[in-house]
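You will see chain A twice below: alongside chain B first, and alongside chain C after that.
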Partner chain A sequence: MSGFAKPLKIALGLIVIAGLIVVPMNFNRYGLFILSQWAVMTIAAMGLNLTLGYAGQVSLAQGAFVGIGAYASAIMTTHGWPLPVAIVVAIVLAFAVGRVLGYPALRVQHHYLAFVTLAFSTLAFLVFRNESWLTGGIYGISNIPRPHFFGIATNKPLPFYYVCLGSLAIVSIAVWWLIRSPWGRAFMALRENPLRAQSLGIDTRRYTLMAFALGSALGGVAGALYAPLTQYIDPVPFNLSLSLDLLMMVIVGGAGFYFGPFLGAMIAVLLPEWLRFTEGYYLMLYAIAVMALLIWSPTGILGILDRYLAERRTRAASALRAVAKSWLETAQ
Partner chain B sequence: MSNLFDLLVAGLATGAIYALVAVGFTLLWQTSQTINFAQGEFVMLPAFLMLAAMHAGAPFWLAIILGILLSMILLGLAFKILLVDPMMRHGVLPLAIATMALAIGIKEAVKQFFSAEASPFPSVVPTGDISILGHAVSLQSIGVLLVAILAVFGLTTLLNRTSLGHQMQAAAQNPTVARIIGVPVERMILLTFLINAFLVALASLLITPIYLAKFSSGEVLGQAAFIAAIVGGFNQVRGAIAGGLLIGVLDNLAAAYVSTQYRAAVPMIFLIVVILFRPQGLLGRAEERTV
Partner chain C sequence: MSAVLEVTDIKKSFGGITAVDGVSFDVREGEILGLIGPNGCGKSTLFNCILGQLTPSGGEVKLDGKVVTGLRPSELNKLGVSRTFQLLQVFPKLSVRENLILAGQEHQGNMASRLVGRSDAGLTDTANQMIGFFKLDHLAAEPAGGLSYGQQKLLDAAMAFMGGPRLVLLDEPAGGVNPTMLSDLKERLVAINREKNATFVVIEHNMEFVMSLCSRVMVMAEGKVLAMGRPDEVRKNPAVIDAYLGH
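Our next item is the complex of A and B:
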């Protein structure tokens, strides 16, 4: 993104943010639901992007953490606790479980790690489904209340959309800060060359566990918002395919790019909706679109932009060099 | 004890089918580092191709041949040329994601163009029971086991006893050197894709009469095959066979003795334990690639 001038970038960002606040004001209930879902899934995908895109640890369990967050928030808010407290509990819970799930990553990598996390994801689903004393089993938990903030009820779709958008903003700022902190650099070092990272004195063990724990905690946040968004949860949305969907969002958007999850979640949540006019074909077309995109650019949407900018920079640099060379020659 | 015996036979029969699917899965991994998340859907699709052929008026035997041929063209040739070839150079993950999208695409296509309901599928082996050592054993289980054993035996003979098999092994182990000594590596990779397509079509033919043809039936099967491949050893055909049989038996025993609610958990826990303590798999060797 560094190819744009800075004021231009800031202006673009402000326009997008203003658009996200103003445009949905006259959306109907369903449109707002979809847009809120986009915000929630973006948070979960940002978490996975931290684990996978920045720290290079493959995880097929992000959906399970969304589930953990959703159940924590559903159980607590139906028992009268306020949502912010439930979110904190969801974060702590997902963080702790995520850290434990990080331990296999210390022993195995790549596809082996993918399969351990896949197994974990299935186990979590079984627990959601079978422990009905806690989770309501296949009947799920219904009548999940939406919160009151400063005396304003968020029962209506628009106020709750702003709750989701605000949460997304807070998470975005936190992640932005994190990846520019020494932590973010340590994560990237871990991804690029664990051995060298270790020889530079980075405690790779600690950062691997942290990459899982932090990524999972964001999954927990997303889940804690998902429960009041749908106001009813059962185990089905949190099965393996959610984990696979989130992984798809991260890769399609561009793993390791800050804005990747925003775009990836947009494709995964909004594209099927836009394609709905094709009725039974919409998921098929969606699948074809994802495959075509990955064939065109395996590094995702932002990979295309990145390549284009890199090319332009190289051209600009060689043009400068040519000018400098001719200037030197005439000076002689 | 008769209960245990029945469970073992049924477990071995499903395990043999898992083994077929897992072997194909390992073959693709060996030769082209493809983690095929659509493998389960690859097993689901040929049954529908055969059903479509029968709806068009073909007799059962012709439908089987057409189904196998079509799946070799679609799931072997087209899959390799259209999806794997353009993406192979770019690492494991984007390709794995693309196969996830492919899985969604296949499922939706079957749902849309065929049916969202489960369809019955004729059995290739006669149904009924025969008596072995005083136990009634279903002919279907025995037939499935026999066909699967034959297929696996044929494949290992091809890989270990023929020049073609040796060339395939060379292409998998060290493509560069294989190319230097004149092995047509590209053709060998294509061959593994065709073999995989044949194996999944065969598995489809064997398993669909038992579980009915349904667009979503690939999910469970694909997972079972993953687990089998990893438990046995990701880089060994032998391992995938052993893993398949083991998971099949384990699954059946878990359903009977653990609880129906948590039966799916048993293979998963087993998988985690194996990966953590013996990541190369029960029969695999560490960081080595053979077909």
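Our next item is the complex of A and C:
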């Protein structure tokens, strides 16, 4: 996103944030549900963007981590625990399981790794469905309460939307910090050239495990918010298709771009709603739109912007060189 | 002068092919050792075995008298062993300065401090000094991928020095670099060698470069050490002339 003047970027950011706070005040229940869902899915997609986009580790299991977070949160809050505690437990649980899932990545990569994570995704689904003593099996868990914060109930859609938006804000700041830290640089090195990274002292094993653990932990956060958002969960939403949806959000938005998941989740959550007026055709139109985008720009929507800015920089640099050259020729 | 690196009877075979066949040598502190030999004689494989990128089929590597055979490349780098590769290995999307910070960051603090501490790991000044030293000042903020081949080669070498290594293994640093930039590179290497007392092992095909830079030269042929000595001795060695020119 470099290339825009800094004040312009800040102004744009403030307008978007103000819009996200003010505009939904007039939304109906359904509109707020969709927007809350966008915030929650953005958090999960940001996690996958860390693992896949920055660190280059393919994962088809992000949906399973959303499920782990959702069940942790649902089970705890229906037993009287406050949501913030449930979120912390969801983070720790998803982090730990994600770290374990990182071990295969130390041995296999690309398609093979995709298959390992896919198998994990199926395993998690089977646990959600079959271990009914814990998860309620196919009947799921209902009456999941929404929290009280400082005496304010968030039962109504608008206050709970602010809970989701606030969580997204916290996660966004944390991820921004992470990708600008030496860790972010090490993740990128791991993706671009692991051999060179090792020779520069980068412990690629530790960073690979951390990329999985942190990405999964964000999946856990998203799940922990998803449960009180829908107030009812069963195993179906956390099957492989959620992992594929999240993968699509990251790819369509632009893998490895900070704002990619925000855009990707917007398209995946909102576009089907906008296309609803076409009735039976909306899924087909949606699929065609995604295919067309990826053929035009394999690096996603932000890839288009990035290419444009890079071309502009190149043009500016060659113009400078031309000026310098003519100046040198006149000087002779 | 004590030996920084002692390599004893290193062997490496791939299937039926023995790429490195019992190579032994040592590198003395502060010297620049040249490593030459025809293509395919096992020089790069030897480097990879020493640096942990490949596990040797036999033999032992000692660093400062301690056995380091089988350590991972990142662990060896932390112990002060650095390298460059035959092919360019800079990170094209990062700026020149960011490349250098990346190259040094793992030598600062620990995993936790690298997460919560400063984004540049406190290395901006060191990186800027390195940029000045390698005369890349005007390119500091440019993405490394936009640099010329020779400039990237300089950056590649500069990255190897960011962690303050004691021993640096350079794999064909002169390949594809124009003569002006080459004398620059040589000057820089000699300066670091003298000022920081850093020890180098240099694989190179450019004879002039090797003979003028190195205090000793080791010649390999078909996975074995053919000769070892001062540049002028090696140049006159009939076995060496034979290996290079054939019959």
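The rule is short, and it goes like this: the second predicted complex is superposed on the first by the 332 of 332 C-alpha atoms of A that agree within 3 Å, B and C clash if a C-alpha of one lies under 4 Å from a C-alpha of the other, contacts with A are read in each partner's own complex, and residues count from 1 in each chain.
Simple rule for what comes next: contacts are C-beta pairs under 8 Å (C-beta built on N, C-alpha and C of every residue); 3 or more make two chains touch, one makes a residue touch a chain.
From a predicted model like this one, the values you see are computed outputs, not experimental measurements.
Participant: In the superposed model built on chain A, check whether chain B and chain C fit or clash.
Facilitator: The answer is fit.
Participant: Specify the partner with more touching residues on chain A, choosing between chain B and chain C.
Facilitator: Of the two chains, more chain A residues are contacted by B.
Participant: Based on the superposed arrangement, let me know which partner A:Ser199 touches: chain B (first), chain C (second), both, or neither?
Facilitator: Touch partner of A:Ser199: chain C, not chain B.
Participant: Just chain B (first), just chain C (second), both, or neither: which does A:Ala287 touch?
Facilitator: Touch partner of A:Ala287: chain B, not chain C.
Participant: May I ask you to decide whether A:Ala224 touches chain B, chain C, both, or neither, giving the answer as first, second, both or neither?
Facilitator: neither
Participant: After superposition on the shared chain, which partner residues are touched by A:Leu244: those of chain B (first), chain C (second), both, or neither?
Facilitator: first
Participant: Check whether A:Leu190 is in contact with chain B, with chain C, with both or with neither, and answer first, second, both or neither.
Facilitator: In the superposed model, A:Leu190 contacts neither chain B nor chain C.
Participant: Just checking: does A:His110 make contact with chain B only, chain C only, both, or neither of them? Give me first, second, both or neither.
Facilitator: In the superposed model, A:His110 contacts chain B only, not chain C.
Participant: Is A:Ser181 touching anything from chain B or chain C once the two structures are fitted on A? First, second, both or neither.
Facilitator: Once the two structures are laid over each other on A, A:Ser181 reaches chain C alone.
Participant: With the two structures placed on a shared chain A, what shortest C-alpha distance in Å links chain B and chain C?
Facilitator: 14
Participant: Chain C touches which residues of chain A in the complex?
Facilitator: Where chain A meets chain C, its residues are 178, 180-183, 185-186, 188-189, 192-193, 195-206, 317.
Participant: Under the definition above, what is the set of chain B residues touching chain A in their complex?
Facilitator: Against chain A, the touching part of chain B is residues 35, 37, 83, 86-87, 90-98, 100-102, 104-105, 108-109, 111-112, 223, 226-227, 230, 234, 261-262, 264-265, 268-269, 271-272, 275-276, 279.
Participant: Where on chain A is chain B touching in the complex?
Facilitator: So the residues of chain A in touch with chain B come to 58, 104, 107-108, 110-112, 114-116, 118-120, 122-123, 126, 129-130, 240, 244, 247-248, 251-252, 255, 280-281, 283-284, 286-288, 290-291, 294-295, 298-299.
Participant: Which part of chain C faces chain A closely enough to touch in the complex?
Facilitator: 51, 53, 72-75, 77-78, 82-83, 85, 89, 91-94, 98, 101-103, 105-108, 111, 114-117, 119, 121, 146, 159, 162-163
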